[in-house]
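First subunit A sits with subunit B, and in the next complex the same chain sits with subunit C.
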Partner chain A sequence: MQSETPLPDTLANLLGLDPSNPLVLFVIAVVASGVIASGLLALVAVSGIWGKRKITAAFTDRIAVNRHGPAGILIIPADALRLLSKELIVPEGVDRPAWDLGPLIMVFSALAGFAVIPMGNGIQIADPETGLAYVFAMASVASLGLVMAGYSSNNKYSFLGGLRAVAQNLAYEIPLILTGMSVALFAGTLRLSEIVAAQSTALFSLGGLAIPSWYAFVNPFAFVLFMVANLAEVGRNPFDIPEAPTEIVAGWQTEYSSVYFVLAYLSEFIHIFLGGAIIATIFLGGPAGPVLPGIVWFLIKIVGIYLFTQWARSAIPRVRIDQLIEIGWKGLLVLAFANLLLTAGIVGVIA
Partner chain B sequence: MSLEEPEPSTQLDVGVTDDGLDYDQIEALIDDYVIGRESHVNAEGFVVRPDDVQAVLSTLKTEAGFDFCSCVTAQEYQDRYESIYHLKKYDDPTQEVSVVVPSPRDDPHNQSGADVYETADWHEREAYDLVGIEYDDHPDLRRILLPETWQGHPLSLDYNQDKPQIVPLREHANPLQDDKRSPSDPDTMFVNIGPHHPATHGVLHIKTALDGEQIADLEPDIGYLHRCEEQMCQQGTYRHQIMPYPDRWDYISAGLLNEWAYARAAEDLADIDVPDYAQVIRTMGAEMSRIAAHMLAVSTFALDINGDFTATFMYGIRDREVVQNLLEDLTGQRLMFNYFRLGGVAWDLPEPREEYFEKVRDFVDGLPEKLTEYHDLLTNNEILQMRTVDTGVLPPEDAKSYGATGPVARGSGIDYDLRRDDPYGYYDELDWDVVTEDGCDNFSRLLVRMREVEESAKIIEQCVDLLEDWPEDEREIQANVPRTLRPDPDREIYRAVEGAKGELGIYIRSDGTDKPARFKIRSPCFSNLHTLPTMSEGEYIPDMIASLGSLDIVLGEVDR
Partner chain C sequence: MSNPWIAIGALALVGVLIPLSMISVSALLRPSVPEQGKRATYESGEIPTGSSQQIRFNIQYYMVALLFVVFDIETVLIFPWTVIYRDAVGALGYEQVLFPMLLFLGVLVAGLAWAWRNGAVQWVKSPRATRQLSTNNE
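Take a look at the complex of A and B:
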């Protein structure tokens, strides 16, 4: 369950190569990252193109795709082909390098965040001491992409969307990270594998069933705070304000078509999964779970959180931008600080 | 109550008697200006000189209590132009008076009424656009429906329909230059919302100047869906050729309500009595239309607030589908019903009747549960309350001045519903209530619609009871109407019904032929949309979108 050795080292050992050789390690790390990224993209393809439609349809009393293959699953290749074969329209007057780089940055920053996530069964590319700080940093880099996309599109709706994205991320990043810090206080480390390990002990026993000391059970308040802030971080209802299709058309995405559109959407889904992965790792015991292998439990947890975002999207109205800022700065930030102080106090008393 | 303060209403009932208005008393009030009297079917008309319009209108408004300018009809005769201001009272719309303003053919102009009634602003712009009368002192006399480069006025007598028109597609203004609509604040940004925008509910274009996220200035630009409906109605015969058009005004399944507007005006014009049985069927069908229209209004409002992929929208569409099927069974159509006829309806209820009644009852019985679900999803949701309470505020005085009607007026606490106040059909025999809310905001308008659905269901249920027990040999669906209808020449009528969006009125002038000489449509959406700038200036973009959704406009009816 705990990551003994990072994945590249394990792979190198399997191939009989020496992991202490930097060149070998580099090549193997690239291969390992490729494997994990491909797995993630496959997950996004299933959940984004097919799963999302089916989930939304279930919430809204519809059927959704059902013509291609069993339960419409073959819509995935069909849609991928359709999206990739569309014309890439580059509007007049866009700020070229920034406009092209925006979606790329969003996708790659979200993917890069997964590098330190322990997914169980030894699947973890690197396990640095500053793992938690790194993963938050990577999740935040996406805001840079949003601003670039919004600002360079030469479209007023995109511009408004970009500005909204910045305002929103500023308002929510801080409570998010503060809440994450309270977990680091409990675990006494930023290394993700150790945070996972700290959650494996039994909290208490309930009729012979050992309840693990997942931080969601230890500190449910922080868990709820984090879930809410995470909805804003990934931009889903009630906080889908940077896109807000009925207000500013599609926000920062308005001018993107074809492959760039795919990248923009891809980044959104990977971002949701990264948010889910962070929550699973620091609150839900990472890959821990009975019977099934760790990676399966990990996937179940992040898909569960994905379902939660879709549920919110189907049922909850969107707040207004000024209300969102207010909730972020006046509500969540205060609560996050209170939580942090409380945690520090408790940890201080116990330790 | 102190004796020193006389109630305002006691001052404002000049000429009010138990058997209708005493027009002589009203005439005495504006005696200095009246140069003639006309008798219209719905009300007396006072002919006044073009320079006295403002004086007459403001006297009638402030001293006789005519606080509602329902419509401004403009038309051209062989020897003159004429504007008619149809005035009413919100307290009692059966008290009507017309102010008829003739102006010379060679230079048609008269004083504008926009100073007295805000709503006259847009109505006069339309009159200028289509008929060609100039209004002096008008705040902004531009074309409203046709493109600004249009040559001629299509409803004037000497208009050449074959003349080619050039409508240039102008480039958008450079987003960074000449863009500051508000000189006092150089930081504003101009944005076109629409005509292609996810939340404009059709081809509406809103010219918006933004100050950050707030609306500094806003102007609705309409006319993209103008289809010359008035002119087409003037080219059709009364008996059969006009009835299909009303379905195409408010096409959000409010078709039967629109058809009733024409049926009522034309039947009163030609003195046709509709059999009771047909009136009950009409009432039932019309309320089904209202439910379908309100369901769509509520669910698209949810779409505006929640964003796409919301469950509420699909729930609304799912439940609307049931009533849509009932209407299809009744009329044979789902969208363009064409079910009413002058003097009755096209055919009796579908056979077997019991089966149809059962279906209707199932729908009505299932409604409360569905509405509870909507209330759970919408009105009880705190985020939605945060978004809609106290946003898009329309005070009752503004609502009256802009001529707002329907759920928009009732959401501002104005107790005005033609079904009760100016009864037609079978409404006055049935037991139901007019819904009003005093919040004046987006939330109130949403609540009014949702509660009106319940009231409509009550009406439908009573209609079904009546129809079930109706003796078989008295099921008369159609009065005796001449094959070719030629109302007496020079009869004029303005009649309105309570459409899904508000007061849908029709003015018809007959000239002795089988086609109307002038057919004017008073669209509730047109007047309701005029309130948008009042509601939205200074608010945030999302609130403007919510207000637009709460107005529930249909561009087919706004542009006609």
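Take a look at the complex of A and C:
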């Protein structure tokens, strides 16, 4: 079921090439990365351009896009073309290289995080020993892009939005990583394929149906903490104050138009899916599931988490910045410490 | 098994090439219609005043960033411990594996409690906001 060799090696062996040659490996890995990144872009196109509108419309009792194609699905190519062909307006006094690099860094960080995610059926670009640390590190590189976008836009709303985004990412990063570590305590490794493999044993049997030992079942407390911290990390309600359209226009995105707006929007959705991929991998058994192939289960899980963020976006009111700081530092951080110690105690008992 | 970082480097390259290709496609497609006033930064329709890089903002953003540095380094130090913990606690028991980490975390939690008591994680209100709040309550 779970292939141990990463995708580039498998491809090289299929083509009869030697994967131990770094150059061959690099070229094949570029091809494999291109395939995975294209898949992600397609997923973002469906969920970001079409799905998001349909979901929000369903929550607010509207119809949303329905003119082009069945259920309005052809709005996706139309909107992609429309957004890319908009005029780029460079505002006065922007700090030029930083203003251009901000959205680029955000997209880069979200895409690079996917390198170590095991997606089932042997689809995994690389499987380093420090996979869990790497994916958290890459996901938080986006903060750098947020600061650059915020300060370089020469706009007060952008500046406040950038500050808020960073304060939020800082406050929720620590609970996120500490909760992720409680999984590493159970699994005893940071290699993501081994964390997935550790979740494949049966936890207990319920009426002849074996419940796998997914860490969401083993430690539901950690799972809930991680889901909340992840909502803050991707900036969705109740933690969408970096954008807060009723307070600071669009936050750090205010001055971005044309392709830069597309990149900012794209990075948000890839980050939602990266968060979903991390949750699926360390809490929901990765690509594990009955009957269907692994990649399908993996997609079901990350789309499920995407639907959860969209539900939260439509249904939950936004917290204020002072509440956000207090929830993060006084609530989630303390709970994350408690969870880590609790897990350490439990692991000590069963070890 | 090959070196995983080569493949990660390849994905990183793709992660830069995709945004760059989107920027170049857009550069070929989009029009350019320079008009007066179009490039003014958005300030709710008013003429923008002053610079955005010199505005005053709440000191709180600085305080939480400072606190973050401490806790971020702490997470880096916990990572290796989580990896060896399961095997080590089975072989050596709690007192040699868990208790030193409890002491380490205890120092950090004491630091957090100190910061909490001194209001570092409490949102700072400006004197004007506090004054308005107290007049509202009267």
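Basically, the second predicted complex is superposed on the first by the 349 of 351 C-alpha atoms of A that agree within 3 Å, B and C clash if a C-alpha of one lies under 4 Å from a C-alpha of the other, contacts with A are read in each partner's own complex, and residues count from 1 in each chain.
Operating definition for what follows: a residue touches a chain if its C-beta (ideal position, glycine included) is under 8 Å from a C-beta of that chain, and two chains touch if they have at least 3 such contacts.
A quick note: this is a predicted structure, and the numbers were derived from the prediction, not measured.
Student: I'd like to know which partner A:D61 touches here: subunit B for first, subunit C for second, both or neither.
Tutor: first
Student: What is the contact status of A:F273 with respect to subunit B (first) and subunit C (second): first, second, both, or neither?
Tutor: neither
Student: Of the two partner chains, subunit B (first) and subunit C (second), which one does A:F223 touch, if any: first, second, both, or neither?
Tutor: neither
Student: If you stack the two complexes on chain A, which partner ends up touching A:F239: first (subunit B), second (subunit C), both, or neither?
Tutor: Neither subunit B nor subunit C is touched by A:F239.
Student: If you count the residues of subunit A that each partner touches, which comes out higher, subunit B or subunit C?
Tutor: Looking at subunit B versus subunit C, the one contacting more residues of subunit A is C.
Student: Tell me the contact category for A:A133 with respect to subunit B and subunit C: first, second, both or neither.
Tutor: second
Student: Which of the two partners, first being subunit B and second being subunit C, lies in contact with A:W99: first, second, both, or neither?
Tutor: Touch status of A:W99: no partner.
Student: I'd like to know which partner A:P8 touches here: subunit B for first, subunit C for second, both or neither.
Tutor: A:P8: touches subunit C, not subunit B.
Student: If we overlay the two complexes on their shared chain A, which of subunit B and subunit C does A:Y215 touch? Say first, second, both or neither.
Tutor: Neither partner.
Student: Can A:S314 be said to touch subunit B (first), subunit C (second), both, or neither?
Tutor: In the superposed model, A:S314 contacts subunit B only, not subunit C.
Student: Would you please give the residues of subunit A that touch subunit B in one complex and also touch subunit C in the other complex?
Tutor: Touching subunit B in the first complex and subunit C in the second, residues 154, 156-157, 160, 249, 321-322 of subunit A appear in both lists.
Student: Name, in rising order, each residue of subunit A that touches subunit B in their complex.
Tutor: Subunit A residues touching subunit B: 56, 59-62, 154, 156-157, 160, 237-238, 240, 244-249, 313-323.
Student: Per the contact definition, I'd like the list of subunit A residues that touch subunit C in the complex.
Tutor: Touch residues, subunit A against subunit C: 5-6, 8-9, 19-20, 22, 25-26, 29-30, 32-34, 36-37, 41, 81, 84-93, 103-104, 107-109, 111-112, 114-116, 125-128, 133-134, 151, 153-160, 163, 166-167, 170-171, 173-174, 177-178, 181-182, 184-190, 249, 254-255, 258-259, 262-263, 321-322, 325-326, 329-330, 333-334, 337, 340-341, 344-345, 347-348, 351.
Student: Looking at the complex, which residues from subunit C come into contact with subunit A?
Tutor: Listed in rising order, the residues are 1-16, 18-20, 22-23, 25-27, 29-33, 38-44, 48, 51-53, 55, 57, 60-61, 64-65, 67-68, 71-72, 75, 78-79, 82-87, 89-90, 94, 97-98, 101-102, 105, 109, 112, 116, 121-123.
Student: Spell out the residues on subunit B that touch subunit A in their complex, using ranges where they run on.
Tutor: 175, 189, 191, 197-199, 210, 213, 302-311, 313-315, 318, 377, 381, 383-384, 386-387, 540-543, 545
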